[in-house]
Structures are given as C-alpha cells and as structure tokens.
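Note that chain A is present in both complexes that follow, paired respectively with chain B and with chain C.
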Partner chain A sequence: MPKCKYDWPEAGDRGLIGESIDRVDGAVKSSGRARYSYDVHPSGMLYARMLTCPYAHAKITSMDTSAAEKLPGVKAVLVIQPVGSEIQWAGDEIVAVATTSEAAADDALRLIKVEYDQLPFLVNEEDLSKAGDRAKPSAEQKSGDPDTAFKDPDAVISEGYYGAQVITHCCLETHGSMADWRPDGKLKTWSSTQSVSDLPGQIGEGLRLQKVDIQNSDIETVCQYIGGGFGSKFSPDRWGIVVAQLSKQTGKPVRLMLERDQDLEVAGARPSYYGKVRVAGKKDGTITGWDSDTWGTGGMGPSGNPPVPYVLEGIPNQLKKHTRVNTNIGPSRAWRAPNHPQAAILTMCALDDLADKLGMDPIELLKKNIDFAPEILRQAYVEELDKAAELAEWKKYWHPRGDKTPGHLKRGLGVSIHTWGGRGHASTCLIAIHPDGSVDVKLGSQDLGTGTRTVIAITVAQTLGLPVDGVNVMIGDSAYPKSGASGGSTTVGGVSGSTRRGAIDARDQLFAVVAPALGVEPTQLESVNGRIQVTGDPSKSLSWKQACAKLGVKTIEAQGKNPGQCKLGDSGVGGAQIADVTVDTETGLVKINRMVAAQDCGLIIDMKTAESQVYGALTMGVTYSLFEEKVMDDQTGIMLNPNMEFYKLAGIGDIGELVVHMMTGPGYDERGVIGLGEPPVISPGAAICNAVTNAIGVRVPTIPITPEKVLAALAKGGMA
Partner chain B sequence: MKIRVKINGAWREDDVAPRLLLVHYLREVAGLTGTHIGCETSICGACTVLVGGQAVKSCTMFAVQADGAEITTIEGLAKDGQLHPLQQGFWEEHGLQCGFCTPGMILSAHQLLARNPHPTREEIRKGLEGNLCRCTGYQHIVKAVEYAAKASGK
Partner chain C sequence: MQAFEYAAPKTLHEAVGLLGSSWGETEILAGGTDLVSAMKDQITTPKRVVSLKHLAELRRVEFSPSSGLRIGALATIHELLDSKEVQENYPGLIQAADGIRSEQLRAMGTVGGELLQRPRCWYYRSGFGLLAEYKGKPLVPDGDNRYHAIFGNSGPAYFVSPSSLAPMLICLQAKARLHGPSGSREVELSKFFVTPTSANEREHDIKPNEILTEIVVPHHPGVHMAVYEVRQKEALDWPLAAAAVALHMSGNSVSKSAVVLGHVAPVPWPSPEAEEALNGKEVSEETAEAAGKAAASKATPLSKNGYKVQLTSVAVKRAVLAAAKGGA
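Right, the complex of A and B next:
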C-alpha cells in the first residue's frame, strides 16, 4: 500500500503509467480536424496586419494614414506607436489595419507613410571591441582562490574561446490570435499561447494601459492546439492587445497572425553567449579552478548570466565575469531551457579541451569530477554516461583528438551532460464522474504537442481503473480551473499532480456511494479493470457503469490541486548525450551520424510521449548547432534572413540516427514526476562541437558550425 | 475570376481574385483549415495538398491555376470514417507532436508511396526533404511512413 493517500502506485502495480501509449490527439491531428488559432474563422471576420519599422533604431517624425483609411475594405486603422516614439529594433510595430481581406490589408499598409530620423545602432556583439558603451559589465563572482589555482606550477591549464549565437524559435505556427469583442462587452480570444489561464489577466492589463476599459473576468482565452511555442509564446504581446482593440473598434472578430518575416524578426531571440574560459586541473584529472570572461546579448533588455561552470557547479576556485551588450536586434525570449545550452557549450567544450590537454578520455574526466555536480544527480550522471557510451559505441569509435585515418572524411565523437529543474507548476483541475459512467477532467493548461492531454488521460484512467479512452480531457480554456503555463518543463508535473489528487478524491466519493451495495466499508474498495471491487476479490464487484448508476442524478465533482498533499513529483534531472559526426575536410560540411541521449525525468507517465520529447530535442539541438542563426547586418541593422529559406531548420535528411534511452527503475521512479521538455535540448550543441573537434583535431569555437567556420578552423591548424 | 474545382470528391465553383493563392482559397474560401501555412515561401511544406494526385505546396500556386483540377486535402484522405494508413501510421508511430506540419507531411508521403510503395528509409528521407518539422525529431515520421507502406501492402 502506498504510504500517503495520493502517492503513485508502487512498481509492479502501475498499470498504464510508464507504458508506451498512443497520444489521444493523434487522430484529430492526422486528419486535419485539429483547429489552431489560425484556423478559427467566424463569419464576418476581419484580417489585421501591421506596418513595421524598417530601421534598427529610429525616431518617428511624421505619419500619414489618411490614404489607407479611404481604401475600400479598410475597417480600422490603429496607430500603435505615434509620432515621437523611439523605436529600438527593425520590425517593431507602428500601425495596424483591419480589413475585409488579407490582400486589402497589404494594400492598406503600402498607403501608410511614416518618416523616421535614424539613430545609431548596434546589432552584432561577438566582437566586444566594437560594442563601445553598449557593453555593460553586469556580474562578477569569485569563490576560493582562483589566482593561486591557476599559478600552481603543477596545474595543467587549458584555455579557449567558445560561443553560441542568437537564434529564434521559428515555431511552424507564427504568433498571433483571433479576437472577438462581442456586443455584450465580453472578449474571447483564440490565442497561440503557452499560457492559457494567465492570458486574460495579461490582455486585460494591456488593454487598460491603452485606456480600453475591460475587466479580466470578461475575457476568455482558448488554445486547443498550437503549432509550437518553445518558450516564445507566454505573453499576449503587443499584437495580442492590438487585435482586441481592432475587434472592439470594428465590432467584428479580427485575426492577427504574424507573417513569417515578422515572426523571425521580433517574436523570438535566444540570447547569445560568448566567452574566454580557462580551466585548471591536476594531472589525475581533478579540476582545480575555473576562470570565465563571458558576454552576450538579449537585445535591449537583460538576458541573465550563463550558469557556468555548468553542472559541475562545485568546481573550487572560480572567477566569473559577465558583460551584457545592449543591441537593437529585438527583444529576447525564453528559448527551451533558457541559458542552459549556451552554458553547456561554454563549459563542456572547455572541459573537453582540458581532457585533451591531460590526454584523458572526456567521459573519464566528467566522471572523475562528478562530485562537483549536485549530490542528488551524481549517481545518475555516472549511469547515464555509461549508458550513452555503450549506445554510441564510444570505446569503438572515440579516439584521441583528430581522426588519423586517410581521406577527407573525418569521424569524431563528443560528449556533454546537462541538468534542469522541472518541478510541477501550480495546477487546479475539476474531475467529474457522471451517473452514466463518463468522466470529465477540466483544467486550463494547454497541450503544446508534448502530450499533456495524453498524460492527463493516463493519470486519471489509471487512478479510476478505466481505459485511457474512458476519460474525457478538456483543457486549453481559461474558463476551466486555473492551471499553469507550459514553461520550465513544469506541465507534466503540475497536471499529473492535480489530476491524480482530484481523481483519488472523486474515486473515494464514488466508493462511499457504492460501498453499502457491496456490504463493505469504502476503504475496502478498489477501482481496477473497469470495476469497483472489494480489494483483491473480483467476485464482490460492480462494473464501473453499474457503480456510477448508483449516483442517481448526482454527478460527483472533485477538485485536485498541485502542489498538495503527498510527494508526487520532484525537481532536478540529468542527462548525458554523445554526438557522432563525420566532417568533410574538403567542403567543411558536418554530417550527423548518430545522436545518443540517456535522460532521467523521475517517474514517466507515458513512455511514448517522453521519448518523443527527447527525439525532438535532439533534432532541435542539431538544428541550432549546425544551421540556425539570426543574421544581423552591421550596415543596415536589419535581419538578413527573416525567412525559412535562409533561416535554416534541419530537414529529415540532416539528423542522422537518433538513439534515446530513458532512465527508469529504482533510483529514478520513486522521485515522482519531473518535467522533460527542455533538458534534452541542452547538450546537443556542446556534444556536436566536441565531436567535430574530435574529428578534425581543431576546435570550431562557435555555433552554428557552418562549412565556412570548419574550413577556417582547418586552415588555422587542423588536419586538412 | 470564376473557377471550378473538385475538392475531396465534391465540385465547387467560386469567384476568386486572380492573386489569391491556392492555400488561401482552400483555407479562407473553402473553409478547409487542415492545410496549414508555415513559412509562406514554399520551404516548409505545411501547405502541401494533392492536385491531380501530385503533391503541391499550395502556397506556390494561384487558385485560378487549379481551375478544373481535382484536389485532395488532408480532410479528404480518410474514407468512410476509416483513417488512411498514413494517418494511422502518424498516430501510432508518434510521427507528430504539435501536429502543424502533419497534414503536409502526410500528403507528401502519399505521393512518395504512390510512386514507390515500398521505400527504404533512405528513400523516405529523400522523399520528405521538402517538409520541415520543428517538434518530432523526424525519426518517427520515417517509421510512420514505413507503417503505412506495410499496411497498404497487405
């Protein structure tokens, strides 16, 4: 018996939990019936588009919208930023129009005349010497005695330069929403958002700032399906406020989805981090000192500091400096595991260089120093490194730096480890058991495609002893009980916690109704295999339907909450990844042969959706390592590749073989549910960088590892 | 301009602007929103439909160019309430997450299997090069197509 009422079942008694179960929304998505925000199209709907600023830094000096206002089909023109406004990035929104067709919207925008005074700008930060007063020292931390550690004559010191570029989110569905401000004063939005429950409050606040009167309680947000978020869709953004204003102004529903160029220019920028890193170690591999001087940009706002040294945070004798560079590239946004992939590159590449200098296998170096990692994860890292090494055939394919076999194709392997929190968010749900045996679960959180619906269905089904399709999951609507945003890998922990507790309470209410009919106390009952029965005695039982019929006309309702009683989840996961690449030293092309991931995340609810997160993360990792970059032009200050032809995503032929191993069983399961969406996207960058170095014998210091950079590195001293 | 097209087995006539793209016609005029718009510039393949049995990125074509054509969108693939093997494959083999690229991916795979009923993994990857996915990691998409090839071969 579980020790605490809501505890997850013990191993061997978990039924559906941890099995590989098909996602519940597979048919609706594969048949084109899933409705995304972009698909909602009530009759009379207007189309909105926005005129944006073509300059990286400018002041608006004049504006004339009169010709646009007179154009047939134009129903509203809304000035977003008036004359006198200072604009801080190209692509910032200036004027919006609402029209009867998309074509008319484009015509209207062409008729709007805006003039600007251009101001000085900075859009590239890798060369810190050109940043001038845009560079602002933002943090300095010292622990122990780094001076002495680096002066120790016995110390082996490696020194290097590493970095990760600014990238965007490039969700396949752009940002935006459809807003319907009805005559009764109520506003409903269909928003592409990671934060359904919180959006009405944010929209209300944004509208009131624009002097548009509305109460939060009169706003409802719906997001049933979303074409990707990855951290970029938490707020309604300015366009989410503008579309509501346009709907109020015109009395019609209005759709405003960003076009792809705008989306890439303004709706997502992962901060860059570059750094000079020194690491000191003893000849036996024990790390004795860390010294990093890092910088990066998150646009004009703060972007935090990279958490270095990453994972091995307990390295003694540290000196860390960080400089923030203010640039006119657009605002930064959280990007799947904010700051961690960059910190992994700064750290795991530096450690790989130290291992090379020591003549050590980098896996051995990580294991040797694993006591510098948080205690709760040390054992997991050792097991994960061993597992990843086995699956990647490390012993067979890894070699000291530089593939010495003849020819222009060089193969190499690289390793990295990572960590993440992932504690479940605050979640409230309502569970209803109806007299006809149907079961409804309602909560506000959204399913980003990760499998939230499926996880909820499995949790409730297993708790009530029903099949997965016996549970009707209703989510993604702010009218449902408030449940957290999908960020920080917190959703699975939050919704599994609230629905587990709610389902246990609902089940107990049903037991109380049914117990007299079976002539036992409610505590003697269990719900298994679609029946309510005396524990261990199927002969004394009722079918689920018979049991529910005893409710008469009364529906059972129970609320579930997370956090709550009993420990259903935890925080802190680890993972190890190995990249296996081949580099063509004639063309500079990097080909991924294999990516291996060993990952823990506590108790897994659905093995299929869990593994799927890791497969997807590996591909996203390959993409930012080899292809993606927000390319900004020093001359004009604009983004040069705001389209998917030149903002490259990995295609199906670019990713090699993906091998995923989830760590389960004793030591993992009893921690309860921990989030998974972000951690596996952290290590690919560092692992691929190290693999390329292992292949060609010289480091390509920054990602993306383009052919140009590979050839430049080889020219400087590789093995071409 | 007046056009007449057969969409998912039913003929319809509409008066459309010459500059209206086929994808906008399908989504905004015919109300078939299973065809998605991802990149707007014929790179991502989310808007792929079948025109006369050929996979076409419907943002590359004007609606008027489809006059007289037979078009199949994702909504027209299931027959008599039964999912097409490709749709079943993408579900069971977990070839989707957010689902946004899925309709285009399935219709490109439809053409691939029409030309080559038993493709190798390499041929599947080659055949789907024109479709991008941001979530799944692709590997399960290959499996989904293999599933369909196997199921259709029975």
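Right, the complex of A and C next:
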C-alpha cells in the first residue's frame, strides 16, 4: 500500500507504467487524418498575408495602400506598423491583407508602396571587433581567487575558443492560426501553439492593446496537433493578433500562417554563444579554476547568458565576462533547453581540451571532478557515463587525440554531460466516469508530438485498472480545465500529476458506490484488469461496466491538480552522451557512426515515447551540430537561406545509429515523474565537437562543423 | 505568383508558336520543380506558361548500340535511373542522376529541366537578379560566396552551374537537340552552357522560342566512367564540388580521357589540365591525385570558397579511381 494516497504504484505493481506503449495518436497522424491549424478551412475563409520590410534596419517614411484596397478580392488592409516606425530586422511585418484567395493576397501585397530610410545595421557577431557600440558588456562575475589559480606554477592550463551559431527553430508547420470572430462577439482561434490554456488571455491582451475590445472569456483557442514548436510557439505573436483583427474587420474566418521564408527569418532563433575559455587543473585532473570571456547575440533583445561552467558549477576560482551584441537578425526565442547546448559546448569542449593536455581520458576527468556537480545528480552521472561508455564501446574505440590509422578516414569519440530541471507545471484536469463505463479526461494541455496524450491515457488507465484505449483523452482546447504551457520539459510531470490525482479521486467515488454491492468497505476495493474487486480476491468482483452501471444516470466527476498532495514528481535530471564519428580528412566531411545517450528522468510513464524523445533530440542535435546556420548577409542585412534548400536539415542517412538507454530502477523511479523534452538535446553539440577533435587531432572551434571549417582546422595541424 | 496565361499545346509545332521571342515573356513548364518555385518567389514573372505535358514523344529513353542513347527532354530522372540500358551502358550517368537525392525531384524533375534549371545562387534567389547586383555593385565578391564559383568567376557571373547530369553528359560527347520556328538544330552539350554577361541573358545556348527536345549520347563501349560528388549531406543537398570522368583505356593505360567539373563554375567546367595528367598514364592513386591537383591548379577562389579548391581536387581523384575500377 503506498504511503500517500496518490503515490505512484510500487515497483512490481506498476502495470502499464514504464511499459513500451504505442502512442495513442500514431495512427491518426500517420494516416493524415490529424487536423492541424493549417487544415481548418471553413467555407468563406479569407487568406491573410503580410508585407514585410526588406531592410535590416530602417524607418518607414511613406506608405500607400490605396491600390491594394481597390483590388478585387481584397476584403481588408491592416497597417501593422505605420509611417515613422523604426524597423529592426528584415522580414518584420508592416501591412497585412485579407483576401478571397492566396493569389489575390500576393497581388495585393505587391500593390502596397512603402518607402524607407535605411539605417546602419549589424547582422553578424562572431567577430566581436566589428560590433562597435553594439557590444554591451555586463558586469564581471568572480568567485574565489582565479588570478592565483591560473598563476599556480603547478597548474596545467588549457585555453581555447569555442562557439555555437544562431540557428532557427525551423518548425515543419509554420507559425500562425485561423481565427473566427463570430457575430455573437466570440472569437475562436485554431492556433499552432505550445500554450493552449494561456493563449486566449494573451490574445485578449494583444487585442486590447490595439484598442479592440474583447473579454478573455469570449476567446477560445484550439490546437489538437502541432508541427513542432521547440520553444518558439508560446505567444500568439503579432500575427496572432492581426488575424483576429482581420476576422473582426471582415466578419469572416481568416487564416494567417507564415510562409516558410518568414518563419525562418522572424519566428524563432536560438542565440549564439562564442567564447575564449581557460581552465586550470592539477596534474591529477582536479579542476582548480575557470576563466571565460563570452559573447553572443539574441537579436536586439537579451542574448541569454548560458550557465558556465556547465554542470560542474562548483568549480572553484571562477572569472566570467559576458557581452551581449545587439544585431538586426530578428528576435531570439527559447530553443529547446534554452542556453544549455551553448553552455555545454563551451564547457565540455574546454574540459576535453584540459583532459588532452593532462593526458587523461575525458570520461575519467569528468568523474574525477563530479563532486563539482549538484549533489543529487553525482551518482547518476557516474552511472550514466559508465553506461554510455559501455554502449559506445569507449574502451575499444576511444584513443588519445588524433586517429593514427593510415588513410583519410579518421574515427573519434567524444563525450558530454548535461542537466535540466523538468519539474511538472501547474495542471488541472477533469475526469468523468460515465454509467456506460466510458472515461473522459479533459485538460487544456497540448501534445507537441512528445506523447502527452499517451502518457495521460496510461496514467488514467493504470489508475482505474483499464486498458489504454479505455480512456478518452481530450486536450488541445482552452475550454478545458487550465493546464500549463508545454515548455521546459514541464508537461509530463504536470499532466501525470493532475490526472493521477483526479483518477484516484474518481476511482474512490466509484468504490463508494460499488462497495455495498460487494459487501465490503470502499477502502477494501481495488481496480485491476478491468474489474473492481475486493483487494486480492478476484472472486468478489464486478466488471468495470457492471460497476459503472451502478451509477444509474449519474456521472462521476473529479478534478485533479498539480502540484498537490503526495510527491509525484521532482526536478533535476542528468544525462551522458557519446558521439562516434568518422571524419574524411580530404573533404572535411563528418559522418556520424553512432550517438549514444544514457538519460535519467525519474519514473518513466511510457518507455517508448520516452525513448522517442531522446531519438528526436539526438536527430536535432546532429542537425544543429553539422548543418544548421542562420546565414546573414553583411551587405544587404537579409537572411540568405530562409528555405529548406540551404537551411540544411539532416536526412535519415546523415543521422547514424542512435542508441538510447533510459536509466530506471532504484535511485531513479522513486523520484517520480520528471520532464525529458530538453535534456537529451543539450549534449550532442559538445559530444560531436569532441569526437571530431578526437578523430583529427585538432579542434574545429565552432558549430556547425562544415567541411570548410574541418579543412581549415586541418590546415593548422592534425592528422590530415 | 503573378497571374499568367497557361497553354498546354498538343504538338511541338504548336508549342513553339506559343513561345515569345524575348526572355521573360514566356516560360516552359516541364516537371515544374524549379519553375514553379521561381514563379512563386517572383524570380521569373512570365506572362504565359507553356506546358509540354501533352508532348509524349519527348518522354522516350531509347538506346541502340549503333546510334547510342536518346533521352527525351521530358523523361524524368526516375525514368533515366530505371532504364536498364542506361544502367548497362552509361553507369556514370546513373551515378550522376543518383546524386539528385530527392524522391520528389526524381519523380517530377525531367532531364531537360535538370539541364535548363536556373542557378541556385542565394542572392539571385533572393531577388537581386541573375548577376546579384545591389546598389550598382555585384554582391558576390564581397559577400557570402561559400557556395559560388572557383573557376570562370572573373564576373559578372559568379554562380555555379547547378546541373548534376551535364558534366557526365559532356564527358560522353552528348548533343542537345533543339526545336524552334525554323526547325531543329543540334548543339554539342559542351557548347550548350554559356556564361551570361548581362542579367537578361540565360545560361544556355537556347533562344526564347526554342524547346530542348532531346539529348543524344553516343555509345561508348569499353569506356570507364564515374561521377564523384562532394555533398555535405546524404539527403538532398547541392554538391560543393563534383567531377565526371570518362576514360578510354588501352591496356592498363589511359589512351584518352574526359574530365568535367560540376558546381564549381558558371558552366560545367572541362579540365584539360586533368585530362593531360591522365592521358598515356596507368591509373593509380598517384596519377589520380596528380589529375586532381591539375584540375584544381587554375582555380581562382573568392573570399569564402577556398575550401572548394581542395574538394575539386579530391572529387577528380576519386572519380578517376572509381572510373578505373568500374566500366561500361
């Protein structure tokens, strides 16, 4: 018997929890029946498009929309930024139109005349010497006595330059929504969003700022399926407000989804992070000092300041400087595990360089210094490093820097560790058990493709003793009880907590109704294998349907909340990854042989969707490490690759073998449920950089690791 | 996309009659994989689009030992790849087509369209014109030219020829057959690609009212051929450099060779330097490497594409070694 009423079942009693279960919406998605925002197309719907600024920095001096207004098919023209506005990036939205066809929208945009005064701009920041007064240094951070640590004559000091580029989110479904402002004054939106419950409030606020009157309670947002968000779809954005205004103005439903180029230009960018790092260590490998001078850009807004030294945050004697560079590249957004992949690259690459200088195996160096990591994760890191090393055959394939094998193909292995919080967010759900035995669970959550529907179904099914398909999961609508946005790996902890508690309470109500028929007290009942039975005695039982029939015409309803009573989740996970690569030293091409991930996330609800999260993260990690880059042009200020042709994403043949091991059992399961979306995407960059270095004997300092950069590094030395 | 008139003529004669006499008035639609996106981006804004979809006679792939291979301009990349006769007699052409790593492009894209596709220069595709000019100045020399030309790049064209098939076809002395108002004409494929000197010119020896109808490839029994592309991705990606090689062997020695580079110049770039390094030699790691070095020796890289010189050299070396191992 669990100690606390809502506790997760003990090991051995978990039933469906932790099994490998197919996602419940797999068939509907793979057969094309899932309806995304783009698929919602009521009759009479208008098409909206936006005219954008072609300059990176400019002031609008004049505007003439009259010709567009007269064009047949044009139902509304809405000025988003009027004459006099200062525009800070190419692609920023100026005017929107709503028309009866997509072609008319394009024609209308071409008829709008806008003139600009062009202003000075900066779109590239890696060369800090060219940033001028765009560089904004923040205060130096110091702990201990770094000066003495680096002057210690016995210290071994490694020094390097490392960095990560600006990348975009590149969601396969672009941003946007379909909005329907109905004659009764109610607004319904079908939005591509990570934040179903919070969106109506944000849309209401945005509309009122535009002097459009509406109450939040008159707005409903629906998002049943989403083609990727990765942190870029928390807000309705300007276009989410504009589309509602256009719908109100025209009295018609209006769709405004971004074009692919717009999506890459303005709808999501991960800040860059570059830096010179020095690390001091004793000959036995104990790290004694950290010194970093870093910079990066997040457009005109905050660049983020990645947490270095990463994971080993307790390294003594630190000196850190960070400079934000303001650039006209468009706004940054949270990108899966904000700041962490960048921090991992600067830290884990610097530590790899120190290990090389000390003649140490980098895994041994990490283990030697693991006491600098948060106490709660130390044991997990050691186990994860050992597991990853075993799966990657580290002892067989790792070698001191530089593969000495003759020929142009050089193999190398690299390691990195990472961490993330992942505590469950606030979530409320409503669970209904109907007299016919059907079970509904409703909550204003959303499934980003991570398996949220499936873990809800498993949680409720296991609690009620039903099969997974005995539970009808209803999410993706703000009319349902409020549940948190899906970001920061908070969803699984949130929705499993609320639905576990709600299901226990609903079950107990059913026990109270059924107990007299079985002649026992409700506390003597259990719900297992589709039956309500006297605990441990299947002979005294009712089938689930028979039990529910006792409800007569009454439906049981129970609310579940997270956080709440009993500890169902926690925060703080670790993970270790090893990349195994082969580098062609004649072409500079990097091929991934294998990516190995050992990852913990507390109690796992569905092993299959958990592993899938890690597979997806490794895929995304390989892609940002080798291919992705928001290429900005110094002369024109525009993004040169806002397309899927030169904004390169890996294909199947580019990924290599993915090996995933989820840490489970004692030490992990009893922590309860912890989120998994972010952590496994953090280490691939650092692990791949270190593997390439291990292969060719010389460091390629920044990602993406292109043939051009590999050849440039080899020209300075290494194994070519 | 700007509104346009659409025609789908039933005969070649009718099709030619629908074409304009100056560039920009009309465009020919085959697979549409390049044209449609260029029209959406308003890189081209024709008043009329002439679809060739009813001209079934332009879709044949035919081979005979005496007259060689005839590839209709409307044959798809898939149809070329699927042809047993091409597989048996022109393995280098199969390798070239296999470099087009998109099922969609292979299914819809045609051989004629592949040869006539417009450059992928990102300045051109961003609306700065074929020669990428901005405020009266060429953008490429001082811009992000990582994917631009390292040969034939003294201006005003700096883009690279995007064709994956052309280098091998040129090695095989293929000819392009064109049909216009005054009948048919044939052009050697090596002369079919031209470097434009103004933004209103095109990259091919074709007139606005001519239609590319077929490619004729002589039979080359016993010739060893191969293509090597350096692509960053296994998935669809433009090569950073490519080399096509055809070797006529006399015993163990090369009696005659053809080496044509792809994706490194505004046109497929023949390399007499590499050919000279091979002719009369036995193919070995050393001669292949020497040919590669010779091929790259006259490169004139721009500010950011020096790495392509090395890639060109490696592509030639590997194509030579692959050709020597393979056959026809």
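FYI, the second predicted complex is superposed on the first by the 719 of 720 C-alpha atoms of A that agree within 3 Å, B and C clash if a C-alpha of one lies under 4 Å from a C-alpha of the other, contacts with A are read in each partner's own complex, and residues count from 1 in each chain.
The criterion applied here is as follows: contacts are C-beta pairs under 8 Å (C-beta built on N, C-alpha and C of every residue); 3 or more make two chains touch, one makes a residue touch a chain.
This structure is a prediction, so every number in the text was calculated from the model and none was measured.
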{"item": "A:634 touches, of chain B and chain C: first, second, both or neither?", "value": "second"}
{"item": "Touching partner for A:302 - first (chain B), second (chain C), both, neither", "value": "neither"}
{"item": "Which of chain B and chain C A:103 touches, first, second, both or neither", "value": "both"}
{"item": "First, second, both or neither for A:516, with chain B first and chain C second", "value": "neither"}
{"item": "First (chain B), second (chain C), both or neither touched by A:132", "value": "neither"}
{"item": "Which superposed partner A:120 touches (first chain B, second chain C, both, neither)", "value": "neither"}
{"item": "Of chain C and chain B, partner touching more chain A residues", "value": "B"}
{"item": "Which superposed partner A:36 touches (first chain B, second chain C, both, neither)", "value": "first"}
{"item": "Which superposed partner A:651 touches (first chain B, second chain C, both, neither)", "value": "both"}
{"item": "Touched partner set for A:620, first chain B, second chain C, both or neither", "value": "first"}
{"item": "Common ground on chain A, meaning residues reached by chain C in one complex and by chain B in the other", "value": "103, 643, 645, 649, 651-653"}
{"item": "Contacting residues of chain A [partner chain C, same complex]", "value": "103, 106-107, 110, 586-589, 626-627, 631, 633-636, 638, 640-641, 643, 645-646, 648-654, 706-708, 711-712"}
{"item": "Complex interface listing, chain C residues touching chain A", "value": "1-3, 101, 120, 122-123, 125-126, 128, 134, 139, 142-144, 146-147, 230, 232-238, 240, 307, 310-311, 314"}
{"item": "Of chain A, residues touching chain B in the complex", "value": "22-23, 25-27, 29-36, 38-39, 41, 101-103, 170-173, 225-228, 230, 259-260, 448-451, 608-609, 612, 614-620, 643-645, 649, 651-653, 655, 657-658"}
{"item": "Chain B residues touching chain A - in the complex, by the definition given at the top", "value": "17, 19-20, 24, 27-28, 31-41, 43-44, 46, 73-75, 77-78, 83, 86-88, 90-92, 94, 96-103, 106, 124-126, 128-129, 131-142"}
